[in-house]
Amino acid sequence: MDVGFIGLGAMGRGMAANLLKAGHTVRVWNRSRGAVDVLAKEGAVPAASSRDAFRGDAVISMLADDAAVRAVILDERLIDGAPAGLVHVNMATVSVALARELAALHQAHGVAYVAAPVFGRPDVAAMGKLQIVAAGDPAAIERVQPLFDAMGQATWRIGDEPHRANVTKLAGNFMIVSAIEAMAEAAAMAKGHGIAEGDLLGVLTNAVFTVPVYKNYGAIIAEQRYDPPGFKLTLGLKDVRLALAAAEMAGAPMPFASVLRDNLLDAVAHGDAERDWAALARVAQRRAGRDGPA
Amino acid sequence: MDVGFIGLGAMGRGMAANLLKAGHTVRVWNRSRGAVDVLAKEGAVPAASSRDAFRGDAVISMLADDAAVRAVILDERLIDGAPAGLVHVNMATVSVALARELAALHQAHGVAYVAAPVFGRPDVAAMGKLQIVAAGDPAAIERVQPLFDAMGQATWRIGDEPHRANVTKLAGNFMIVSAIEAMAEAAAMAKGHGIAEGDLLGVLTNAVFTVPVYKNYGAIIAEQRYDPPGFKLTLGLKDVRLALAAAEMAGAPMPFASVLRDNLLDAVAHGDAERDWAALARVAQRRAGRDGPA
Amino acid sequence: MDVGFIGLGAMGRGMAANLLKAGHTVRVWNRSRGAVDVLAKEGAVPAASSRDAFRGDAVISMLADDAAVRAVILDERLIDGAPAGLVHVNMATVSVALARELAALHQAHGVAYVAAPVFGRPDVAAMGKLQIVAAGDPAAIERVQPLFDAMGQATWRIGDEPHRANVTKLAGNFMIVSAIEAMAEAAAMAKGHGIAEGDLLGVLTNAVFTVPVYKNYGAIIAEQRYDPPGFKLTLGLKDVRLALAAAEMAGAPMPFASVLRDNLLDAVAHGDAERDWAALARVAQRRAGRDGPA
Amino acid sequence: MDVGFIGLGAMGRGMAANLLKAGHTVRVWNRSRGAVDVLAKEGAVPAASSRDAFRGDAVISMLADDAAVRAVILDERLIDGAPAGLVHVNMATVSVALARELAALHQAHGVAYVAAPVFGRPDVAAMGKLQIVAAGDPAAIERVQPLFDAMGQATWRIGDEPHRANVTKLAGNFMIVSAIEAMAEAAAMAKGHGIAEGDLLGVLTNAVFTVPVYKNYGAIIAEQRYDPPGFKLTLGLKDVRLALAAAEMAGAPMPFASVLRDNLLDAVAHGDAERDWAALARVAQRRAGRDGPA
């Protein structure tokens, strides 16, 4: 397929590389040039402009946040001028409000739109093993399924309205960071009874929580290995904020999310903004009077 | 081995039955007589008294809570009169304070004491597939390991001081109910955006949280199947209370546990005391203005 | 003095009327015409446009929220064209972010700017008994002090940077709604022990909390008199949101504010959006299983 | 009147002294002898035993906590042997569970029982200006009213069942510490915007919260004057715990109380156990990354 790819950050570059490996033609664009050059060496075609990427059979965008989507796609009015037959696949984690706005805008301009945020860190993206959650017109999803197959391990369809995929992604990230916080609090409690984090979480992630998300973050907490981050704490704070905003739209209190927001702010205030979001464990230990090394 | 077994509730009867199947002699005692008769038909020896059960190679106690342990074991001064060589294996979920008190008491009377609380519901106990967390004198654990092998799928040793196993059990239950609450809040938020609980949790427990604890409770929430309970909400409230008490001993704030306590009280106040603790999902939906069927 | 007045809502009309009573010339402007006509009968001069109001010795703006300030003042570029010598007094409750933006903008255009949000409900505004919190250039405040004297019982100066007054206002509203929530939770607890809200709060607001803010809201809770609202719950939710945003800028967790946000959402989800924010007491009673009349 | 007085702590000694000043005969008893000697110099009669104090027209007990009441009154079976006509006035802050137990016990033995906890710190007790909340048989209260008049500024009757006074006291202390926490969070937020605690709380306690409880604690926070404590943080934690227990009996969630419990534990973990409970302000500042002097 002839595919545009906009946004070559830590996630995007691995995803685009896997599209190339699968034999697709990929026109890549990025706000800074470095990542474009790297992918060009792997066979990608540098796009002349973001608009030049926004054409072909499909265009995938993987931008950092709402602001980036607004700057690169909306402000540039890329949707207005999209060619007939193009499917825009937005794989970024964006707010539910923007997700709804984008869906309406594509519909107004007759452009097929699929929201397909992913679960998986950059190393998983590089391996083409992402979990993809897709929502949108089934026919459009069908057309881009080969692209998903190249980038992901599985695609989970969650309905016709694109924002449903974004809600699911935010719900999932909220559940992940809730799991981290639960381990953090449990470890702080156990530590006060003389049990090391690694002993406690080693048992519990082998006896009950036998799943990578717990094992990986449990190991990070046990080894206090917050640098370099797999997922930056400030990005986690952003996603918790988006979950709270989505909950407010839905009229739903989310007391766990409120606790998470407060604790992530505490972490930022103590210098952990750029560390892995599992540094929530440092907050729990600090509040119990046990300050770890900075 | 010659084993006493005290406490034949939903968990204990399955555990004792598996000891019988493995060929052990089991003298059983229970406060009410019915369960004793049932197990006698499977080959157990009815004990004449709790003291008659508290002898042999080992005695296993599986009582409901701190109060039951006090009434059956401490008030009857069973430890004082225990015969030489007996290993007392306490597999119940008790407070850390009582765990420490029991350890000191056994030591004072020269009785070997192992704390070995379990993960798994009654059906898992009946299958002999429990996850057993054991702490105590390694030699004593070694002696009762054949019993653990008959009742459990795996035994996780967490050190020499018995209370460490109880801390680990409370930490684990806290993590389980935190997982339930996270699903409950995520589902309430998603529902407000038109996504059914089953759709949301179906995707997330297949894409990310691929582990029975999430899959089982996710299904219960999706199907609103809170009766009969797998684990009664009031028992869950008791365990959260024990976790909070253990945290207070440790000087550790546990804001998630505080939220859980409040939400479980809300559930009790709305008639869900005897339902499965996954009825936390009803609290989250109700607070968002969506009252489910009672 | 020659004063423009922009924003004749429930608060603004009383404030403008008191300026008239004190003998000032008041050119009034409002987005909807009705309030202008009412004040014209009391001697106000209808302004031809918002720009026509934004001149003279001073202009007071009392708009509903950030969006209204943006629409009426920023989008219309009123600051750019302000005449020399004008003091703009913004008495609305706005976000700290907008407060800082407004201060920078006025400075850039050489227009004197005073932030002066107020404490007091519409009836207090009508009596000219508001508590005014003012921040800005002391000379500018000095010039408009006669206006404050006409509208308020006291003026509290809190420094030279205008946003300081807005921070103080948000902090004060947060403290007020925290007082309401504390009464709500105390009353829900006491009710379960057979004590009526009125009995409990009657004693406590006479013995300890002998101050109007507690007495008034205590009486509202005791009498379940949430209609008509003195201060609408959705406005309270907006202010809690602004406090949380200000706290996030400051890197400060505010767990009470997080609880308030969740509980106010719960209230909105149960139909109390347009009631007095003391309807938080209905949330506390409902969560305890005691549903009051809708 | 002929009055026994049991418990001469910081509060009790001032209260007993005021009874003496009012001309009553006061037989005093205390677990440690020092306070007895001091009061003897002011005219009190040292009681030979706690039982010797538990007679006459009335006996007032002002013991530290539930455990002290159990040890001094219940374990000694003082109620069983109380002479006819005695009114026992329990002015201590005890749990609602113990309050109910005591009421039942007195009734069973035909001893008049009044619960009369107080608001006011030791200096207020010494001045005879306490706020007394009384519940019990109206005739019994009537008989001891002269004693209340000697110790307090006002007596607030809250019904016939003694536990009602204890519920009211716990509700009041919860509202006080909620006020402290609200100021603490507001101050931490404002500090991040450059506003000193004293400036913020100075304005707000003069403009809105014009009542001693806010002014006093606001000043303590502004001046960071946590030593010596007016009310020790660990006592505050105990009272929050009692409020949570009372709420649990009542089936009422109290999310503010949950936050307070967590934050008070945080304070204890950071060395503030013996400081004034307004040291909650240190928790709020620390969580925002601003560590004050220890």
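Going by the order they are written in, the chains are A, B, C and D; count residues from 1 in each one.
The rule is short, and it goes like this: a residue touches a chain if its C-beta (ideal position, glycine included) is under 8 Å from a C-beta of that chain, and two chains touch if they have at least 3 such contacts.
Not measured: the values here are computed from a predicted model.
Undergrad: Going by the touch criterion stated earlier, list every chain that contacts subunit C and also contacts subunit D.
TA: The shared contacts of subunit C and subunit D, listed by label, come to A, B.
Undergrad: Under the over-half criterion for shared residue numbers, do copies subunit A and subunit B use the same patch or different patches to meet?
TA: Result for this pair: same.
Undergrad: Return the chain whose centre of C-alpha atoms lies at maximal distance from the corresponding centre of subunit B.
TA: C
Undergrad: Once you find the CA centre of subunit A and the CA centre of subunit C, what distance in Å lies between them?
TA: 39
Undergrad: Could you tell me the distance, in whole angstrom, between the mean C-alpha positions of subunit A and subunit B?
TA: 36
Undergrad: How far is the middle of subunit A from the middle of subunit D, if each middle is the mean of its Cα atoms, in Å?
TA: Inter-chain centre distance comes to 52 Å.
Undergrad: Indicate the residues of subunit D shared as contacts by at least two other chains.
TA: Residues 247, 251-255, 259, 262-263, 265-266, 269, 287-289 of subunit D each touch two or more of the other chains.
Undergrad: Spell out the part of subunit A that touches subunit B in their complex, as residue ranges.
TA: 96, 119, 131, 133, 154, 156, 158-159, 161, 163-164, 167-168, 170-172, 174-176, 178-179, 181-183, 185-195, 199-200, 203-204, 206-211, 213-214, 243, 246-247, 249-257, 259, 262-263, 284, 287-289
Undergrad: Which subunit A residues qualify as touching subunit C in the complex?
TA: Result: residues 247-248, 251-255, 258-259, 261-263, 265-266, 268-269 of subunit A touch subunit C.
Undergrad: Taking the touch rule as given, give the residues of subunit B at its contact with subunit C in the complex, in rising order.
TA: Residues 255, 262, 265-266, 269-271, 287-289.
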